[in-house]
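Both complexes shown next keep chain A, but they swap its partner, so chain B is in the first and chain C is in the second.
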Partner chain A sequence: MIYTVLVLLIVLFPLAGFLFPALWGRSLFKKSAGPLTVVLMTFSFLLSAYFAYLYFFEFGYQQGAYRRFLFPDIPWLEFSGALAIRMGAYIDAVSVMMLLTVTFVSLMVHVYSLWYMKHQERYAAYFAYLSLFTFSMLGLVLSSNIFQMYFFWELVGVSSFLLIGFYYQKPAAAAAAKKAFIVTRFADVGFFIGILILSFSAGSMDFETILHKLTTPGSDALNTAAAQTFLGISALSWGAALVFMGAAGKSALFPLHIWLPDAMEGPTPVSALIHAATMVVAGVFLIARLFPLYAITVPGVQEFIAWVSAVTALMAALIACVQTDIKRILAFSTMSQIGLMMLSLGVAKYEAGPVPGYTASLFHLFTHALFKSLLFLCAGIMIHFVHNNSIWKMGGLRKYLPLTHLFFLAGCLAISGIPPFSGFFSKEEILLAAYRNYFPLYVLVLITSAVTAFYMFRMYFRTFWFYNLKGPTEKETEIEVPALIPLVLLAIGAVLGGFIPFGNFVTSDGHRMPFHFDVRFSLLPVILNLAGIFVAMWFYKTKNKRSDIVQEKAWKLYLLLSEKFYVDHLYEFITRKVIFQVIGRSAAWFDKNIVDGMVNLSGEATQYVSAAFRKLQSGKVQLYALYFLLAILALALITILK
Partner chain B sequence: MTDFFLLLKNELGLCVLLLFLLVMKISGRDNASFLLPAMQWLLLFNFVFSLLFNSGGRLFGGMFDTSPLLAFQKAILNLALYLSSLLFESWLRKSAHLAEFFLLTLSSLLGFFLLISSAHFLMFYLSLELATLPVAALAGFAPMEKRSSEAAMKMILSAAFSSAVLLFGISLIYGLAGTLYFKEVPAALKEHPLTWLAVLFLIAAFAFKLSVVPFHLWTADVYEGAPASVSSYLSVISKGAVAFVFVSALHKIFVPLKGQIQPVLLGLTLITILIGNLFALRQQNIKRFLAFSSITQAGYILFAISSLKAESFTPVIYFIIIYIFSNLAAWSVASVMSSSAGKENQHDYAGLYYRNRFLAVALVLSLVSLAGIPPAAGFFGKWFLILQGASAAKGIITVFVALNLILSLYYYLKWIWVVFQNTNAGSDTITPTRMEKTGLILCVAGILLIGFWGDLYRYIVELVKPF
Partner chain C sequence: MSLLLILIIPILTAGAVLLCKTDEQVKWTALAGSLAQLGVSVALYFLFVRERAITGQESLILFEERYPLLSDAGIFLHVGADGITVGMILLTSFVLAAGVLASWNIVYRVKEFFLLLLLLALGAFGFFISQNLFLLFFFLELSVIPKFLLISIWGSGKKEYSANKLALMLMGGSALILTGILLLYFNGGRTFEIHSLSRVVFSDRLQQVVFALLFVGFGVFTALFPFHTWVPDGHSSAPTAGSMFLAGISMKLGGFGCLKIAMYLLPEGALYFSHIIIVLSVIGILYGALATMMQKDLKYINAYSSVSHVAFSLLGMGMLTQTAITGAVMQMISHGVMTALFFAVIGMVYERTHTRMIQEMSGLMKTMPFIATVFFISGLCSLGLPGFSGFVSEMTVLTGSWEKDSVFHRTVTIAAAASLVVTAVYILRATTKIMMGPPQLPGENAVTDANTKERSAAILLTAGIVWIGLFPAWLTALIKPDVQQIMKRIAGL
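This part shows the complex of A and B:
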């Protein structure tokens, strides 16, 4: 009972943080919306921490493994048949870990926003949206059934739409918000159909039942579902692949990634929250939830996931090498890192005992949340200082922003996988999983990792070194002290987070997994990463023309990368040219010329007869009647011919 | 004898209201300041009353058939009429013929009640006429406006045409089966080409009332020309009632023809959703826009109906309840805007948020609900409709239907975006009356809360079970 209350409070505090400013944001909370939501988020975070403590050390570990619980579990909507939808909180190691991560990063972003959004006109609305987003994300990670998850999944989409389009007077921001919403909604159609298939085959929407029925070999549900095929692929594989489509949309995997770089039009703290730590990893979380299904029942789909993620990881890393907008570089790096997490789930083989790839993926999700939000928040300070997003406009910032310099460096080292920073440990696990199960992908991960080190340090050296920016005329403060707290805390997490024995807590089957470390195995990736860093240093540490020369020599490659492999152009072609021009235009043409034209024609014919009643007797109604009859005839013909 | 009154209580309630109106009209007490609040309270009372003492039974030699499920459907329509009496208050106050407006709408509603309960084709046809004719008069309710008269003319001509087709279908059925009782027809229907023609005629008549493509052509013209309150009556109450009747007719009468009917319904679903969406994309006038949006919604309803199972009643009823709240709110905002300065075009809505926040929020929420975005109730409604349809249709059709949800986002978001546009398009103030505000708050509450009210869904499931 006490646990149920705790879980409810954790979720309800952010909801209150949305409702109060949303209802009284223009009067009562005009100035105090920020502090209010910060206080509410603090409660939510402290309760999550307490709950995590209780789960991991008090009640969660029973008979040698972490158990699953449902607090609460209430019937919500009941279908006529056996299918019922319940509403509940699914508590296991993964969701508790996610609770902690989401509330922590969200709290940090709330605090930071107090400073960053101080003089914004719609201050209260901003915090209301931020809290709404946190609420939806918490609802998502706690979902006990797939319908509840879909609901919160869409709600996360709505609140991120509001946040990305926060500066909606800027056309680019409005367009980006719309693009993000529509692209993810498109992916969600896949998710939706996938849910239908999975729930029809399992006869339930609960994760527990779905996983139980569809992963037990020889069960009735599995046999029936496996017997149905479409285009030679079993219905279950379709369902699983379509669910992955939804995940790929949210997690910005190729080819549904096009919304993420544009979404950087939102306020920077928002990017730290939703495009680094929470929303974009929802896809990884979803696949992790259904992991046994993919690993046992549809290994073909799982392999497909691994390849899609590998392509995304490498492609995004390469594109990041030529971007100039600091937030876009971070966006592509997020894509690449999420690709690695998903890849780790994709290569993980199901076996007795805990699965390394599974833990590696969630470990990386955890460390990535810390160091990537740190990087975004630092980028916010830099942008605030130079008033520009382009790294060409920055340089020598280490003199003006000494603290930011340190934090940013810590973040860069963490993401580049340099020991003993947190990213090293989690990436190590991913490499190990790939090495053991799928060697070609291991090579790909190695390359991606080295490229990551290169582009991160390209950004670092280009902004903090290179040449000396002309100092600002008046002395600006780097950042106010309260807003410094989140940076410090996140930096501590980014540096030390790797030492958490993650395998002791979050594993695929709840059993503890010993931590693996082997110097011989780590040597190669670390050397490659260091090489990446040194190359970046050679190019960008001091002012020189080396990078320009390379760019001129390999301009074709450069163009390909800076145009992001032309994926956006392809989409543009399909939506603009094909859907709007061809279909939309022709419908409009039909409306304008055929329907109106006939009307006009008959109108002209009758106008001699009666000019007075021309409008009434324009012939339209007769025409309608004619269509009516023709339609019946057509229907009759179709059924007769059939 | 008590049975008689109890079974007919919904219809009798409306008759009492009609008599009251007549007496008031004759005694000259038909000024708006008295009659409008009186009608609002009476309709509310009638709604509450319609939820109580419901039982099942037959009357008039089996021509009239009622059950708790049918009574619940009537209650829903009652609620919709009550809400419209609140939502269109300022228009109603201005209208010189308030008593006539209610006389006509109540007669039409009485027609729909009898239609829902009919168990005999004669009853069916007569009540359908009773339901349709007053609406045509209503469409011409602004006789000084050419558009309104034109709408009425078009409505009555199209309706007459569809009635003729329906009547032809019914006579064919009588000729083939030798009976007009719903429960006897299925057994008596023989395998005959004419059977199929009769069924097609009936389906066409239903499709016309639901404004399913290609029987939809009258819709946009009539909705645009008629006053907003009448258009909303057509798009909510009339459509809801016909959808209810369509489900039960398919289930009661056409069971033997299931295999042939389903592809027809699916085909109509597909082109309705697609055409409705494509045309809605380009509409600049809010009434035409809502007309095409309602055509698309009818397509989704048809998708659930096409599963041809008794269970399809549940999502349809659930969706109609949600649709009432969402659509009436949108129409009400359109009516307030239109009656304040005849503003009906998209650019008139630019920056509405800065002129009247309340109206803007209500409009946006109703559009969000119509688009089926959570947490608005429309999300749940659409979900269950598609789930029901998907249980019988091929996967590829479900995919197509779901993809159209994305297409519809384009135009709903466009309108939402316009509302928030920061322009100085108009500085005139638009103020809804107190009752309109109450109605809009009720609608918004419905939009936000119904999805989470699981008991409602369970209640409908329980009602549908014995059917």
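This part shows the complex of A and C:
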């Protein structure tokens, strides 16, 4: 009972943080919306921390494994039979870890925004949206029912829309918000059909039942579902693949990634929270939730996931090498890192004990949330300082922003996988999982990782070194306290997060996984990553023309990368030229000319006839009404009394 | 409580309106009447739930009253309510109250305007509670005339054309319905009583013919493809409250008739035509959505989008599963409230900007934040965002449709689900264009946000969609037994 109340409160505090400023943001909370939501988020975070403590150290670990618990399970909308949307909380190690991550990063971003959004128009609305997002995300990670997850999944999407489009007067922001929503909506239709296929096969929409029924070999549900095929592929594979389509949309995997770079039009703290740490990993979370299904029942789809993720990871890393907008570089790096997390789930083979690839994926999700939000928040300070997003407009910032410099460096080292920073440990496990199960993908991950080190340090050296930017004449405070606290806490996480024995807590089956570390295995990736860093240093540490020369020599490659492999152009062509112009326009034309034409034709014929009865028209509406009623009555009476 | 109260209040209000001297009195009288009606409808819901709990589920039609009018001819003033009816009455009273509030700025022939509004509502209320086909048809027709007049007198744009088109098409539909009803009358033992007719065993052939007549006839009212073309013109020419009623209530008369008359009385016909209904409604869903994408006028956008949304409820009916039909009824109610809200807010925008063209507007979020927010909310409801009623009802229809596991049914369900993307496209296209971006209205400083009456109308309807969207269980519980009754008749074949 106490646990139920705890979970409920964790979710309700952010909801209150949305409702109060949303309803009274123009009056009562015009100025105080920020502090109010920060206080509410603090409660939510503290309760999450307490709950996580209780779960991991008090009640969660029973008979040698972390157990699953289902807290209030309320039927919300019943369809038929056992199919129903139920609202509940599915408590296991993964969701508790996610609770902690989401509330922590969200709190950090709330606090940071006190400084960043100070004196902004629609101050209250901003915090309301931020809290709405947090509420939806918490609902998502707690979902015990796949349709419940879809419910919050869509809410997360709309809060993302609101936040990307927060600077609504900027046409680019409006367009980006629209694009993000529509692309993910497209993916969500796939997700929805996938939900229908899976839940009808399992006879339930609860994760528990779906996983149980569809992963037990020889069960009736499985046999029936396997017998149904479409285009030579079993219904279950279709369902699983379509669910993955939804995940790919939210997690910005190729080819549904096009919305994420544009989403950087939103305020920078928003990017830190939504487009780095939490929402974009929802897809990874979803696939992790259904992991046994993919690994046991539809290994073909799982392999497909691995390849899609690998392509995404490498492609995004390459694109990031030529971007100039600091936030877009971080966005592509997010894409690439999510690709790695998903890849880890894709290559993990199901085995009797805990699955290492599964833990690796969630470990990386966790560390990535810390160091990526740190990087974004630093970027916010840098952008604030130079009033520009372009790294070409920055340079030598280490003099003016010494603290930011340290934090940013810590983040860069973490993401580049340099020991002992957090990213090293989590990436290490992903590499290990790929190495054990699928060698070609191991090579791809290695390359991606080295490229990551290169572009991260390209950004680092280009902004903090390179040449000396002419600084402002008067001394500005570098970081105000509200921004400093989150940076310090996140930096601690980014540096030390890797030492958390993650395998002790979050595993695929709840059993603890022994920690392993092999220097011989780590040597190669670390050397490659360091090489990436040194190349970046050679190009960008001091002011020189080396990069321009390379760019001129290999301009074709450069163009291909800076145009992002022309994926956006392809979409542009399909949506604008094909869907809008051809299909939409012809539907509208058909309606106006063909269907309506018939009606007008019959109308004209009627008018021709009615001209004969023109004399009856006196122009008084009351008389028309009277005629009309009389006519009906007469008609009825004639037929009846006949 | 006598169910006739549902009819008496609008009549009394109309009488009081006639006696009013000033325009202001007329408005307040109409508002008082519509609020009283809303109160009675809510009370009716609670009484109905209680009554049903007491009587069990045996007698599905409660609060029955029957007075002979022309008993030799089988015509009775026979009223009664089942769960679906109660839902529809709630919807109508919500829209009526909001419609009165949204019409506060009418200046031309105020008395006549509100009189017609009340008459229109009376027609709808009467239609929903009629248990006698003759009475039902009478009320159906009663609701057509005010529409014609509302458009041709208070309308805008090419109003004569629209009004004529609407009247002619609806009359055409009525003619089919009347033929169908008379065929039932003469073959069913000379009675108009729905209850008696439901016990008559009609031949399959007759069922098919009459079903086609009734379904197409009612289908015209509910914009069944390809009989939907009165909708865009009619809605766009009508005054704000007219559009609200037209889309919010009138289209539901058709849906209600399709379900409670055509399908209930003629299950064999429903079974026979199921595939055709499904195909037509899926065409309506996709085609309406695609056509919406190309519209530039806000009212046309919502009108075409209504064609698409209402087709969802027809799809649910055509699927003939318990869940899908439940979803169909929910979609009718949900769409009624949502579209009324949408038209109300479009009217508010129009009154301030004097344009409905989306390319002529920008940055309304800045100049009229309340209206823009409500616009956004109704848009979100339209695109089926969880938390609003549209999500609940469309998901129920689609999930219900998935129960049929033939390739045909699966394909059309996927096609219908694909419309969710198109909906998002046209809603966001309009919303981002008019709400976001830099404000560029002529004389934008003079623009004011919504006044109290407009706010009340918007909040009333928003509360409706949020209430259904967050707590759908009461609605499903309300309509479930009646849908079961229909399903029983279809399954009994």
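Here is the rule we use: the second predicted complex is superposed on the first by the 585 of 642 C-alpha atoms of A that agree within 3 Å, B and C clash if a C-alpha of one lies under 4 Å from a C-alpha of the other, contacts with A are read in each partner's own complex, and residues count from 1 in each chain.
Just so it is clear, a contact is a pair of C-beta atoms (placed from the backbone, for glycine too) under 8 Å apart; a residue touches a chain by one contact, two chains touch by 3 or more.
Remember, predicted model here, so these are calculated numbers, not experimental data.
Touch criterion not met for A:Leu6: it reaches neither chain B nor chain C.
Once the two complexes are laid over each other on the shared chain, residue contacts for A:Leu253 go to neither chain B nor chain C.
When both complexes are overlaid on chain A, the residue A:Ala173 reaches chain C alone and has no touch with chain B. Judged by the touch definition given at the top, the superposed model places A:Leu196 against both chain B and chain C.
By the touch criterion defined above, A:Leu138 reaches neither chain B nor chain C.
Residue contacts after overlaying the shared chain place A:Leu40 against neither chain B nor chain C. For the contact definition in use here, the residues of chain A common to its chain B contact set and its chain C contact set are 75-80, 147, 151, 154-155, 158, 168-169, 174, 178, 181-182, 185-186, 189, 192-193, 196, 200, 583-584, 587-588, 591, 621, 624-625, 628, 632, 635-636, 639. Within the complex formed with chain B, the chain A residues making contact are 75-81, 147, 151, 154-155, 158, 168-169, 174, 178, 181-182, 185-186, 189, 192-193, 196-197, 200, 230, 238, 583-584, 587-588, 591, 615-616, 620-621, 623-625, 627-628, 630-632, 635-636, 638-639, 642. Those residues of chain A whose C-beta lies close enough to touch chain C in the complex are 26, 75-80, 83, 147, 150-152, 154-155, 158, 161, 165, 168-169, 171, 173-175, 177-178, 181-182, 185-186, 188-189, 192-193, 196, 200, 580, 583-585, 587-588, 590-591, 595-596, 598-600, 602-603, 606, 621, 624-625, 628-629, 632, 635-636, 639-641.
Residue ranges on chain C touching chain A, taken from their complex, read 70, 73, 75, 112, 134, 138, 141, 145, 149, 153, 164-165, 168-169, 178, 182, 226, 228-230, 232, 287, 290-291, 293-295, 304, 321-323, 363, 365-366, 369, 380, 383, 385-387, 391-392, 395-396, 398-400, 402-403, 405, 413-414, 417-418, 420-421, 424-425, 428-429, 432, 435-439, 472-473, 476.
The touching residues of chain B, counted against chain A in their complex, run 146, 149-150, 153-154, 157-158, 161-162, 165, 196-197, 200-201, 203-204, 208, 214-215, 217-218, 221, 260, 263-264, 267, 275, 278-279, 281-282, 311, 314, 373-375, 379-380, 383, 386-387, 390-391, 395, 398-399, 402-403, 405-406, 409-410, 413, 417, 420, 422, 452, 454, 457-458, 461, 464-465.
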